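Shared between the two complexes below is subunit A, which pairs with subunit B and subunit C, respectively.
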Partner chain A sequence: MSTLEFALVAFVLATGLATAVLRDVLGSIIAFAAYSLGIAVVWVVLQAPDVGLTEAAVGAGVTTVLFLLTIAKTVRPSGERTLERLDLPALGVAVALVAVLATTLGALPPVGGAETPVATSEVTSYYLENAYHEAGVENVVTAVLAAYRGFDTLGEAVVVYAAGVGVLVVFQREVFA
Partner chain B sequence: MSDDATSEPGSEPVAPEGSEVDEPAEESATEEPAEESPIAETASRPYVESPIIMATVRVVAPFVFTFGLFIMFHGADSSGGGFQGGVIVGTVVLMLGIAFGIGPTREWVDPSTIVVLVGLGTLGFVSVGLGTVALGGAFLDYPVFGTALGVPHPSKYGIELVELLIGVIVAGIITGLFFAIAAGTRGGESA
Partner chain C sequence: MIDAFAPRYLYLVTFLLLGIGTYMMIGNRNLVKKVIGMNLFQTGIFLFFIAAAYVEGASPAVLTREAPHVSPLPHVLILTAIVVGVSLTAVALGLIVRIYADYGTLDADVLWEVRHDD
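Then we have the complex of A and B:
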């Protein structure tokens, strides 16, 4: 693990912890935006720029604005304490969940390893060899998303559409106003 | 605020001392699209009028919009795509809302336009898929456009059309969520 990666992980952990324990919601939201930005850089470091772009735009950008709009309708908690009081049962559940997930870490291949199932899969090599001829685009991720798995992407788009319809139904409006 | 609108062509952000000085902080709202008196709608609106933010957004917004379109279209050849580009295009409206007030921005965009755009985007995506089926191919089988209609590079342009439609959907929903959350359920509980 290089120095950059170590610093990134430390930053993400610190901002994630700050998001959880800060009592002021505004501070929590800012910490969460920083956390998303850190995660976005992690995606780039892990060679997944498409995901990093999404994380930066949605997680660090739009979600933060929507959260800020929401808390503008609330009041800030009174009191002097900076940090949230520790909720022991919730902490226990969180630690147990992390422990369960951590048991799978040993089964994961090293990052960027040549022997990972993804790298050696026939499907991967098929896409890498044929995507440009068959789909006509140079970005294999886009070829898979929009051409090979276009039906799935239609489903994703419809999910976004359905989310908007759901908001309108909950607000009992016909337009977003 | 409405009586200030008559003096707007002078574009003086601060009214000359005289008749209208009884309105303390909202004088400069007459400077730009914010003349619809957004503050009157809600007292708790998180809108802070700042010439720095307005000037910055005015300069940056066209570039952000272009960048969003670039991400949308250039997703075929580099990182990006309809979802990411759509979010970035939607961010432009969020920036305008933060700079010039959400109410005036909502009036400018027109909420029904958003619903129409999102619906048309989804409909367009489905009809691209059904269109390839109608032309004798599989669902979203773009090369059919080339064999049946003679479109050059059918797969590339088909993918970019779909990315654009996804971008329209996502940008519309982001904008709509922004407006909906800003408006809240105020006045809508009994509807």
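Then we have the complex of A and C:
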């Protein structure tokens, strides 16, 4: 692991932890925005620039605005304490989950190896070899998103539409009146 | 031990993020923080996918760059998941605003007591 990667991962974990323990919800939201920005850079380092762009625009941008709007419309609990009180049962569940997942660590393929199932998959080589002839786009991620898996993206659009309808139903137009 | 762990440490980071997200969803009383925890949990899973697609020394899945390229498929799946995640967050926060308008609190414990008294 390079120094940059290590520093980024440390930043992401630190901001993630700050999000969990800060008592002030506004502080928690700001920590989460910093976390999203950090993880967007991690995507770029892991050679996924498209995901990095989306995460920076949507994760750090839109999501943060949504959270801030919610705070503005509801309440921001204030108190003397900076940190949240530790919830031991929840901590137990979280530690148990991490412990169970960690037992699978040895069975997973090493990150970055050329022989991982994803890298050697037929699907991967098919997309990389044929995307330009068949879809006419040099960015293979775009080709897969809009051409090969266009129905997937259509489904995604349906989800966004349903969410929009859902929010309107929940508010019953009163907020927009 | 270290030799087996070092190339897989990103997976361990994934597990830790899942742990933090789980803790927030169960342990934090504030509903907004529960939703933030859900978002954190999601990004943990994203990291699993992107780390699985990563190949040392490969370039992004853009054909003008030199081969080898990383696999584009996990990236596409995560792009879709990010947008779906935002939709989910928007609906959840809309419900939270309504809950506050009706009950005047966002604390899960207080909310439970108020509901119980009715």
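Note that in this section the second predicted complex is superposed on the first by the 168 of 177 C-alpha atoms of A that agree within 3 Å, B and C clash if a C-alpha of one lies under 4 Å from a C-alpha of the other, contacts with A are read in each partner's own complex, and residues count from 1 in each chain.
The rule we apply is simple: contacts are C-beta pairs under 8 Å (C-beta built on N, C-alpha and C of every residue); 3 or more make two chains touch, one makes a residue touch a chain.
Quick caveat: nothing in here was measured; it's all calculated off a predicted structure.
Superposition of the two complexes onto subunit A shows subunit B and subunit C fitting side by side, with no clash. In the superposed model, A:V167 makes contact with both subunit B and subunit C.
Of the two partner chains placed around the shared chain by superposition, subunit B is the only one that A:V65 touches, whereas subunit C remains out of contact. In the superposed pair of complexes, A:L154 makes contact with subunit B only, with no contact to subunit C. When the shared chain is aligned, subunit B and subunit C each come close enough to touch A:L145. Annotation for subunit A, partner touching more residues between subunit B and subunit C: C. Of the two partner chains placed by the overlay, only subunit C lies in contact with A:S28; subunit B stays clear of it.
Contacts of A:D50 after superposition: both subunit B and subunit C are touched. Between subunit B and subunit C, the shortest distance over C-alpha atoms in the superposed arrangement works out to 6 Å. Taken together, the two structures place residues 49-50, 54, 58, 62, 66, 69-70, 73, 138-139, 141, 143, 145, 153, 156, 160, 163-164, 167, 171, 175 of subunit A in contact with subunit B in one case and with subunit C in the other.
Interface residues of subunit B facing subunit A in the complex, by the touch rule stated above, are 44-46, 71, 75-84, 87-88, 90-91, 94, 98, 106, 111-112, 114-115, 118-119, 121-122, 125-126, 129, 139-140, 142, 153-156, 158-159, 162-163, 165-166, 169-170, 172-185, 188, 191. By the touch rule above, subunit A contacts subunit B in their complex via residues 49-50, 53-54, 57-58, 61-62, 65-66, 68-70, 72-73, 134-139, 141-143, 145-147, 150-151, 153-154, 156-158, 160-161, 163-164, 167-168, 171-177. Listed in rising order, the residues of subunit A touching subunit C in the complex are 1, 9, 12-13, 16-17, 19-20, 25, 28-29, 32, 35-36, 39, 42-43, 46-51, 54-55, 58-59, 62-63, 66-67, 69-71, 73-75, 77, 84, 86-87, 89-91, 93-95, 97-98, 101-102, 105-106, 108-114, 116, 118-119, 121, 123-124, 127-128, 131-132, 138-141, 143-145, 149, 152-153, 156, 159-160, 162-164, 166-167, 170-171, 175.
Put simply, subunit C touches subunit A in their complex at residues 4-13, 15-20, 22-24, 26-28, 30, 32-33, 35-37, 39-40, 43, 46-47, 50-56, 58-64, 67-76, 78-80, 82-84, 86-91, 93-98, 100, 105-107.
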